[in-house]
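Chain IDs A, B, C and D follow the sequence of writing; residue 1 opens each chain.
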Amino acid sequence: MPGLDDLYREVILDHYRSPRNRGELETPPAVRAEGFNPLCGDEIIVFIDVDDAGTITDIAIGGQGCSISQAAASMMSAAVKGKTIAEARRYIGAFKGLMSIHEGEIGGDGSEAETGISTGASESGDVKLGDLEALKGVVKFPVRIKCATLSWNTLAEALAEAEAS
Amino acid sequence: MSGIPTNIKDDFPVLRQQVHGKPMIYLDSGNTSQKPQSVIDAMNSYYETINANVHRGSYDIAVKATDALEGARAKVARFINAPATNEVIFTKNATEAMNLLTRSWGAANLGPGDAVVISEMEHHANIVPWHMLAAEKGFELRWIPVTSDGHLDLTDLDTLLDGAKLLSVTAMSNVLGTLNDIPRLAEAAHAKGALIAVDGSQYVPHVPTDVQAMGADFLVFTGHKMLGPMGIGVLWAHAEILEVMPPFLGGGEMILNVTKEGFTTTDIPWKFEAGTPMVAEAVGLGAAIDYLSELGMDNVRQHEIELTAYALRTLTERYGDKIVIHGPSEPAERGGVLSFVYGDPEVRVHPHDIAQVLDQAGVCVRAGHHCAKPLMQTMNVPATSRASLYIYNDESDIDILADALEASSDIFAF
Amino acid sequence: MSGIPTNIKDDFPVLRQQVHGKPMIYLDSGNTSQKPQSVIDAMNSYYETINANVHRGSYDIAVKATDALEGARAKVARFINAPATNEVIFTKNATEAMNLLTRSWGAANLGPGDAVVISEMEHHANIVPWHMLAAEKGFELRWIPVTSDGHLDLTDLDTLLDGAKLLSVTAMSNVLGTLNDIPRLAEAAHAKGALIAVDGSQYVPHVPTDVQAMGADFLVFTGHKMLGPMGIGVLWAHAEILEVMPPFLGGGEMILNVTKEGFTTTDIPWKFEAGTPMVAEAVGLGAAIDYLSELGMDNVRQHEIELTAYALRTLTERYGDKIVIHGPSEPAERGGVLSFVYGDPEVRVHPHDIAQVLDQAGVCVRAGHHCAKPLMQTMNVPATSRASLYIYNDESDIDILADALEASSDIFAF
Amino acid sequence: MPGLDDLYREVILDHYRSPRNRGELETPPAVRAEGFNPLCGDEIIVFIDVDDAGTITDIAIGGQGCSISQAAASMMSAAVKGKTIAEARRYIGAFKGLMSIHEGEIGGDGSEAETGISTGASESGDVKLGDLEALKGVVKFPVRIKCATLSWNTLAEALAEAEAS
């Protein structure tokens, strides 16, 4: 039986209490994407600055929600800042793997279809998830998976928009 | 041999009873089917162990209830070979599913100059919503005629489809038993740029169903005719079609955000499922699908062909010109829905009287227009008696029906 | 003393379980209620003995099934003191009932220059259908504000009602517990020539309901929140109003005649009940009404006032400024729906985290926007935790809730 | 347990086989009313000629349906032919009494609300139902009550129309 310790790891609570890259970026040049979880009301806003070489030079996170969604967003921002779009997509793929999400599938509670991270990258390659590994325990609490993936979905949207513009 | 266990009646508690002092013989499954113990138990177990509202709670039984609902959706998707689970929308019955289709897809796509093609053998569920929408939107409703031997008359199909945006037809007539050739109709519709909606209310319970092989764009059916509970129906459609359809009913569950100024909708299928869904009924439908799958839908169909053949043979051999059974005479071309008129060839006994006389013998058949009044007009009868078969019926039921008809000769003296 | 038997939990099989090794404490009845054995048994017995399609068959069990459906309708009518049984329309849930009201009455009566008045404390079911219809018909949607202590702000009510055709409000907030003064609102609406629709989804299960004393023109509620099954809801309205409303869904059961050219509708209530109805669910709802009537709705209400008082006292005495419970502070002015925020007054624990922590202790509460996003905006919170009470809850449940909250202080360190 | 003999009395079958007053009347001067039973498809058309004194000088019955609805229509036509509108209304009241229908009530199977004969006359007075008494057995077969009352409903409509014009 999974316990609360599996969910609320210390590193998660640390990101929750002291979120990294919290704030806004000016748009344009930044692109802005918004993610909503209609079921619990969580909201994540992702701002990214991408330079001509396709590198995410800056990232900022807004919105509000539960400890898992906010900590995951903070960890996500730290992980992809300074990375290229392609690398960020590999992170998305790797994180998706961590959450045991298989694209196009509809989950027992519908969470996967809602959160199924839509990105081309299905191969995670050799991405090192680091701190993000702490979120592994979320898998044992299936309803919380969408909290953990909300920011990643929103990032995927922001990346698509940055590429389009 | 059909592969249906001979003691299958034991699975259906309702069949273990006497009416008017005689064993009850249920021959009205085209109307609604009886439920095996496993379906009743599944719903009980839902209410006794995990009942909770879905998609909303993070506590243990709420998660389990959500899994139960979405698990049932996945079973439905597999049962009709849908490409994806999120293409399955739960409604309260087939009628609501047809209204969803007309109100959402129809209202968004149909206007003056457009046409929808249906057939003369449709159930009111596939007629009245179109009448209602046509009165509002001003499109044309066209009718495929029915031949005197109970088939669709496809002579002018291409003309009928000219400029049509949708062909909406039943896969099996609930009056004649006729099985329509859906793949052929789908091809004809698609060739003219129209979509095809299939009313599978009578078909899905009785024949192995594959929406992809059918070439269907929409499929509508209802839980209570396929061993499932009342209060649940299904609309299936391709995701690409559903994605761009406007919402149907508004409320909780179907939204992404609501403000005082407006709202945005959530993803399919939930976009079309406003309010608290019928979770117990979905669980019951899932159990019904398990039961049918266990029997094997090929066996279900085979049993129906054999029993229909037996019934056609028994009744015509015994009653000659005193009985006329409507619809195709070849069992392989039809389902086990046997509409008939009976009595003196000059003055038939009215179907309502037949049903009454049969009831006295414990035999349950339906008499009336079977929610297909335009077809009654085409057939030029006010009503028919209808015996409709399912997996729990056997040859002895047919024999009892045949015997029971006899009583009406005494009363009505022919 | 409230007159609710102390061993009432024994009637509810779902409550006899452990989750995560602890007895399950169900505090989410505002979301959906649990079912007593008698309700489960009534539905079983329906399926095991008289299941048949209604209004269609003349055989024995079809007559009994029809009696069961119409008998349930009569029970509902008596339960809300409706002037006539045929004013009770069965829908699949409260949400469909609201959509019936908007789509049928609303579409026929509302256009540019008209207005509908709702409140900021409405459930999405009483918001989204109006947004949808307003976008189509061009009438105005006006909002009664909510005060910071969780009441309707009626200061400008008369101005809001100027030129309005309908006031549509909840009798009890599903977030704040607030009981609104429906007779007063009805009087104000009628004085301005407007009708009043009442969302009784939270009210009817908990408070003795009399549509005539309320002065209501429409009442909407849902079976699953009042010990009944999922898959059934109710719209009640005065017969004179229903008679002239156009049909909602089209199909079988609701017609008088159908031809290839058009159709005519049958009498109320069947005019609004297209397709096979949810007979088993109606039977279950009837059994739920029997159960509640046996307890006595006055006792149900008294129990809720007492338990709400106990909960308010226990939680505030124990947690002081660590907890804020929304809505009226006077138990007699509210239902047992307790939305709260908890944690360090500077940094509250998020409701979703609270629900998770409570689940681990076997306590079921809901966290989220409770399908009332405009209210969340007014309250300036993204979400709340909500414990909602019903007849099977007692003081020990409140004590366990209070204890379980403690665990979040450890995790979130305050 | 009611048997078929209770329903299919000889006099009923006689009216069914040899319906009285079958046919049409020219409109105008006759008024015509049509009754439908949407559930079983039965249909009754009633034509009446009413003179200035309010007497039903002629009546004709069309439509089709089960033995009960057709026999009841035949018996009804024989009963009210030559009677005044007021007398016909007393027959309606009396027949309603025979069928145990109470106005404004909705029955177990909804049949009463659908068939509830709408007429001012709630007192049946001293009307002699004669042959019509044979329909008493119908009460034991509740779904058939609407068959028996269809023609009476339709007559009520025709009377209302005759009075209005």
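One rule holds in what follows: a residue touches a chain if its C-beta (ideal position, glycine included) is under 8 Å from a C-beta of that chain, and two chains touch if they have at least 3 such contacts.
Fair warning: this is a prediction, and the values are worked out from it, not measured in the lab.
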**Asked** Which chain has its C-alpha centre farthest away from the C-alpha centre of chain C?
**Response** D
**Item:** chain C and chain D: spacing of chain centres that average the CA atoms, whole Å
**Value:** 45
**Request:** Using mean C-alpha positions as chain centres, tell me how far chain B is from chain D in Å, no decimals.
**Result:** 36
**Fill in**
When centres are defined as mean Cα positions, the distance from chain B to chain C in whole Å is 32
**Prompt:** chain C: which residues touch two or more other chains?
**Reply:** 20, 56-58, 255, 257, 352, 356, 367-368, 373
**Fill in**
chain D touches at least 2 other chains through residues 39-40, 141, 144
**Asked** Which chains touch, pair by pair?
**Response** A-B, A-C, B-C, B-D, C-D
**Item:** Complex contact set, residues of chain A against chain B
**Value:** 36, 38-40, 104-110, 113-114, 141-144
**Residues on chain C engaged by chain A in the complex (per definition of touch)** = 20-21, 347, 349-353, 356-357, 360, 367-369, 373, 376, 382-383, 407, 411-413
**Fill in**
Touching chain A in the complex, chain B uses residues 54-58, 63, 66-67, 70-71, 73-74, 84-86, 255-257, 266-267, 270
**Item:** For the chain B and chain C complex, residues of the former touching the latter
**Value:** 13-14, 17, 19-20, 24, 28, 31-32, 34-35, 39-40, 43-44, 47-53, 56-62, 92-96, 98-99, 102, 120, 123-125, 127-129, 131-132, 135, 141, 143, 222, 224, 229-233, 247, 249-255, 257-260, 262-263, 274-281, 352, 355-356, 358-359, 363-368, 371, 373-374, 377
**Prompt:** Of all residues in chain A, which touch chain C in the complex?
**Reply:** 1, 3-4, 7-8, 13, 17, 39-43, 64-68, 70, 141, 144, 147
